[in-house]
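Alright, structures below, take your time with them.
In what follows, chain A forms one complex with chain B and a second complex with chain C.
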Partner chain A sequence: MATITSPAGVSAARARVSPSERLAPAAFILPAVLVVLLISIFPLILSLFLSLSRLRFQAGGLEVQFVGLDNYRKLLLGNEQKVLFGTLAEPSLFGWVILAVVGAALASGLYRAARHQPAIAIVGRVFASALLLGLTYLIVATLFAPEGRPGTLVVTMLYVTVGITLQYLIGLGLALLCAQPLPGRRFFRVVFLLPMMITPVGVGYLFRMLADTNKGPLEPLWIALGMQDFAWSNNAWGARVAVMIGDIWQWTPFMFIVLLAAIEAQEVEPVEAAIVDGAGSLDIFRHITLPAILPVSTTLILIRMIEAFKIIDLPNILTNGGPGTATETLTLYAYRIWRALDIGGSAAIAYILLFLVTFIATLYVRTLRSRLGTT
Partner chain B sequence: MNPKKIASLVALGTLILAACAAPPAAAPAQPAQPAEQPPAEPGKKFAGVTVNAITFSGPQIAEPMQRRGKEFSEMTGATINVVTVPFADLYQKILNDFATGTNSYDVVVFAPQWMVDYIEPGYLEDLTDRVKADSALQWDDVGLFFRDFSATYNGRIYTIPLDGDFQMVYYRTDIAKELGLQPPKTWDDYIAFAKAVSEKKLTTDDGKPVYGSCIAKKKAAQSYWMITSVASAFIQSQGTGQGAFFDLETFKPLYNNEAFARALEVYKETTQYGPPDEINLDVGDTRGLWTAGQCALTIDWGDIGTLAIEEGSKAKDKTGAVILPGSKQVLDRKTGKLVDCTPELCPHAIDGVNHAPFAAFGGWSGAINKASKPEVKEAAFAYLSYMNQPAQSNVDVTIGKTGFNPYRVSQFKNLDNWLKAGMSEQAAKDYLGAIEASLNSPNMVLDLRIPQNQYYQGIVLDGAIAKFLAGEQDLAATMKEIEDGWEQKTEELDRDKQLAAYRATLGVQK
Partner chain C sequence: MRSLFRSSSPFKPSPFRMLVSYLILGSWAFLILFPLYWLFITAFKLPAAVNNGPFYIPFVDFEPSLHAWEYVLGEVGNDTIRLFTNTVGVSLISATLALVIGSGAAYALTRFRFRPKVGTILIFVGCVMLAIALTALGAPWLLSVAVGVALFVISLFTLARRFKRTLGNSDIAFWLISQRILPPVAVVIPIYIAFQQLRLLDTWAALILTYVATNLPIVVWLMRDYFANIPYELEESAQIDGASRFRIFNQIVLPLSVPGLVATFLFVLVFCWNEYLLALFLTNARAQTMPLAVVAQNATRGPQWWYMSVLVLIMIVPVIAMAIALERYIARGLLVGAVKG
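Moving on to the complex of A and B:
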């Protein structure tokens, strides 16, 4: 039987509870909170401090010198700026078009926000729009400029964008296939999962061998194609594509298995009703399956996006970040300078990465929310 | 904003923070592989003592350490565990272990140029007295350069040399004969040799192409030593004490001038005559190509000489070795210009050619952790001594897979072990002659041994060279990037201290 308690009754009940009973929940939760703080928050604060410091091993311990924003200055304005941002040049016509479209969309969004939102929200929007426009310009002036060259920031975003898009599309295609009552589908479900079970370092060496046009197992194929003198590793885009193929091969199974579960979990009735009403496969997919798997898809993409920003193994094993800086990611660069004792610089890169991931993930979630009309 | 929104944003933020704060993706390192050792036998000198050693995951260097470790265990009862990590991780791995007080390793086998970063904070055991008391080491038989550069710091001995390293040029004697070419004396000769072979479009017996030149130019591998080998002859001409990296008065880099520009031009031109993927090859790859008979020239340490005689090698009795080529033009440090050699400018020139052989890396050397227990230190020293003693090292330096190259005087004088290993007399004389010529050169270039040399070479120099080879930037931008990067690090670390360390290194006797 449901009971209704008045606010006065609640207060009376609280008054009857002893102090030890009131503190008990907090006391039980406190150890877990402390563990979380120690494991997650403390390293974050410490690494923030490291990013503002310079460390040197000295007799008897470590010498920590506080240098303020100097590590960030080196990266954003100093000698390492080119590694981070690449070489910016005059964009091509296509590049200008992209920039104009993004600029117009942001301006339109700001205009609408100015009419309906409070001032504080508009300030946030202006900041986010400026940052997004800056990122777009960086991409356009390095990727869509004849004389431009992308730095680690754009290369990382390239891997994330292209990699996740293709992983999602291929994973979805395979999931749709394996959801059909086809012979051997159980076997293929296991086979499609195999790449995910190999360590990324193993995948790196595997692709390094496969891509070797001189000694690799595919050598006869390269010769037959007249490509024995071609070296993918000499070409910036050849090397990037090789890294992306490895990454897509490894992570598509993750997309596949989650999407398969989502497809198989969708309600059967709407599908059967649509079939009875004469809907085709494409219509069923577009109007029933896709909306049904959309919540899973958005979470899946978010998780992969956060993970993909940290890509290091494949470019490290395949090319060491070369040729030049063509395949070097933010994490690989941070790892390289960490190995050479620039721990503060490495921490600064990690924080720039953290800021970038937070910004893009928040943007992604907010865009989806506004599109889907959810709160 | 409603509480649900705030809660979800906080949750999202926490998720992202946690993800980004996670330790860097598993370091692309091979798992540590302790060597299998027999159980300790009671009654032996070091029964019950375990010595943990670390080096790079060769198989070179690790192989003799494990093999000799097993023998040492059988003799003394000590247990020797050899842990291996990729070369690129070794420097930091050792330093982290020492600095955090973990002290997992009792013996560290590493590049002697890193020793300054380990000795200054007091991590390594002073071995001076032990070395003096150990007659089995035959310390005087170890080459003077290796005793001083690889083993000694500020007059005290900290490491036991296990290897002797110089870079040399190897050439295919059969191809030289066939095309009527002489071994290269200058870098111009090197280019001409490589070009001639490349134009001839030679193939191996199994139809694979023979390349004019194979140099390991992969980024974040050994490329920065290779470019230094080319640049040395253009930059240093007045003897070892002059140094080839920095000005001795101002500590300004010597890598932004006409001499280094010429070295970069030579280095890049060799790529035209190399394998198509040369800028993604490390020394493991170029050595494989050499023993497969696919290279007419290469720059490498002493390893090629012994690998060429191994079973399956197609370069056996076809491998000649010479001191690094020189130059008839050198840097005039007053003007920063590349000028013709004169007796004043190039006092050590031979036939007008200035040679400056580069003691790249210096040779693998073993040191002992100061924090290890006394009985472990004793066993560790005995183990390093055992590997260094002539009975073991004279054999190990003749085996290609060990990665050890000659460093004892007797190893240059006595040809027997080389002949037993399968080298022809002529090949042995060529090989040892090239190393000896480098070792005895009054104009030898010492590798950089100043604090954080890894950053100067492995990050700044290597990064700039990689961009230059990939065509991302031109000569001027490359040299400026090196100069700016080195200057920045020098300012961070204190110019006077760096200069003092550099000068101290160059005072090394040969």
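Moving on to the complex of A and C:
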């Protein structure tokens, strides 16, 4: 399916390219494309169909009934709306400030684009800006409003944002420390890698043991704080923080090891020259190390973001999504109504997630491409 | 090449900086190790020692017992061994296949320019949709697939010529990674139906095929960055000497990429090793893997923490052993070209 033109950068001996050479590009890429097509495209399209239908399990098997956009309407406008979007309320002053800042930034971006770009690109930009503004309003009206309560959509985005930011910063800090010629750093490297090796369901149960205020190892601490009767399952923010801590514990290693590799692979000469010139370590980090690890960081954050949006095992096992639906993520929500045999509704949530992540990921890649010239 | 073996900070840090570094590294190590220590001692606790409040030190606070180990390795030992074999077999084969197929694709994406036509892609997607719709309406699935393929071939030679727009390599890469966006819950029913039709449910093949496909994008992305940093001059001179593409790939590129390959292999292996949801749906007895056993300990009597801890420990020991053995490669080899030109 791919039309293959001449190999990039190969000019030598082009006149006498043997047939096997001409087929080489296809032979290299086709196996991967075919496997992914086989396993991914079919489910992708079939679940789109499922999200547009209602399934009933009957004696003879499945009964599929086409219901159009009914599943989406139920989620976005109907009685499931409160779960997905939460309770929207009048934002606080701080909330309005955030909204105004985001709105102004988007408007100025649109204004600049309107002067330089063709009409078709403007339409896309207007659409993207409107969507971003809508998402911002949703976040502001649920998180930065006294009466508001975030739904699964905002909770998922909260986990992703807080989780990835902290994982990146902690991972970077540890990687910088581990890149120094310290005796015993190999020990730290292996230890820091460990949480990633544990199955996510195992991490869920492990943190459930640790978070137990009665029998868990932190009991003396809870007693000292006067919180021995505190139940995670009753406090929305406590439960959310517990999920985030578990997520950070498990996934910081991934950031750490990749960043460490990037730092160790940077060239030594500029650093040596900077030290000879008397540059401080902060200057070296800002002007040499940071630019060197930036391309890796962008890939790393993209991959982690895509994975983080699918977080399910930890909230499922640690808090079971509760109290109420306070810690429920989109994937867990899809899983919950999946188990209630509403297959169509579950597929619809998955497609909303797909739309959201594709939108954010595309935006992220585009912004990077225009800022850094890389992907 | 030489910069590979030198540290990035050539001068030793001052004693004060070393102290601060050790303090920070030590505290994070404690935060990592304490939960694991708790897991470890829970595996040796009697239910009473778990349920009657926190006990920290074996022989002092509580009397360690091997009852959980006896249960997991003795009483249900055959099951454990079967699950463990499945986990090892499935993840080793999946990770190897994903690495072989994925690094080929990653190499192609960094060295050749592809221009898939937008029209071809749209027609392809349309034909797949048609085939699925036909099946949904009651046609036998073999017939629908045949109709889809035939229509695709016909339109390829007629309609596709009208579309001139093409995509590039970065679009292919983005498409690959975007295949990971849809959560497993959404894809599990279609995959289940597909494997049911192929009569592959509850086999290694079903798990391996699924794991290879889901992990390929990660391999491609990690290895693409790696290959991009390998100097092209070597390959060019080999090409002038008449070496074929495959030979260049096998004998020049792959040996230079061993660290990156090892690190990627370890990542994918860990992901397959620990995967839960897909394994839950695609297997029911013979091909079950270890994560299912961990969750199964949350029985009607409440979570059996001691059995769970034993199972998790059994699961992580081989991976940790591998991580220690391969650490030197991971640290050196991930992502960025350790071999700068």
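Criterion: the second predicted complex is superposed on the first by the 335 of 375 C-alpha atoms of A that agree within 3 Å, B and C clash if a C-alpha of one lies under 4 Å from a C-alpha of the other, contacts with A are read in each partner's own complex, and residues count from 1 in each chain.
One rule holds in what follows: a contact is a pair of C-beta atoms (placed from the backbone, for glycine too) under 8 Å apart; a residue touches a chain by one contact, two chains touch by 3 or more.
If you're wondering where the values come from, they're calculated on a predicted model, not measured in any experiment.
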| item | value |
| --- | --- |
| Chain B versus chain C as contact partner of A:L353, first or second or both or neither | both |
| Partner chain in contact with A:I312 - chain B first, chain C second, else both or neither | both |
| Partner chain(s) touched by A:V241 [first = chain B, second = chain C, both, neither] | neither |
| Partner chain in contact with A:A89 - chain B first, chain C second, else both or neither | neither |
| Touching partner for A:A274 - first (chain B), second (chain C), both, neither | neither |
| Partner chain(s) touched by A:A113 [first = chain B, second = chain C, both, neither] | neither |
| Chain A: partner with more touched residues, chain B or chain C | C |
| Touched partner set for A:L368, first chain B, second chain C, both or neither | neither |
| Which of chain B and chain C A:W338 touches, first, second, both or neither | both |
| First, second, both or neither for A:V64, with chain B first and chain C second | second |
| Residues of chain A contacting chain B in one complex and chain C in the other | 40, 43-44, 47, 199-201, 214-215, 306-307, 309-310, 312-313, 331, 334-335, 338, 350, 353-354, 357-358, 361-362, 365, 375 |
| Chain A-touching residues of chain B, taken from the complex the two chains share | 2, 4-5, 9, 12-22, 24-30, 88-89, 91-92, 95, 98-99, 117, 120-122, 208, 218-221, 275-277, 279-280, 288, 452, 454-455, 458-459, 463, 466-467, 469-472, 481, 484-485, 488, 492-493 |
| Residue ranges of chain C in contact with chain A within the complex | 3-4, 6-13, 17-18, 21-22, 24-25, 28-29, 31-36, 38-39, 42, 50-54, 56, 101-102, 104-105, 107-109, 111-117, 120-121, 124-125, 128-129, 132-133, 136, 166, 170, 172-174, 176-187, 189-191, 193-194, 209-210, 212-214, 216-218, 220-221, 225, 232, 236, 239-240, 244-246, 249, 263, 270, 273-274, 276-277, 290-291, 294-295, 298, 303, 305, 308, 311-312, 315-316, 319-320, 323-324, 327, 330-338, 340 |
| Touching residues on chain A, where the partner in the complex is chain C | 1-10, 12-13, 18, 20-21, 24-25, 27-29, 31-33, 35-36, 38-47, 49-50, 64, 170, 173-174, 177-182, 185-202, 205-210, 214-220, 249, 257-258, 260-269, 271-272, 275, 289, 293, 295-296, 299-300, 302-303, 306-307, 309-310, 312-313, 330-331, 334-335, 338, 343, 346-347, 350-351, 353-354, 357-358, 361-362, 365, 375 |
| Residue numbers on chain A that touch chain B, as the complex places them | 40, 43-44, 47, 54, 56-62, 74, 78-79, 82-83, 87, 149, 199-201, 204, 212-215, 229-234, 236, 306-307, 309-313, 316-317, 319-326, 331, 334-342, 350, 353-354, 357-358, 361-362, 365, 375 |
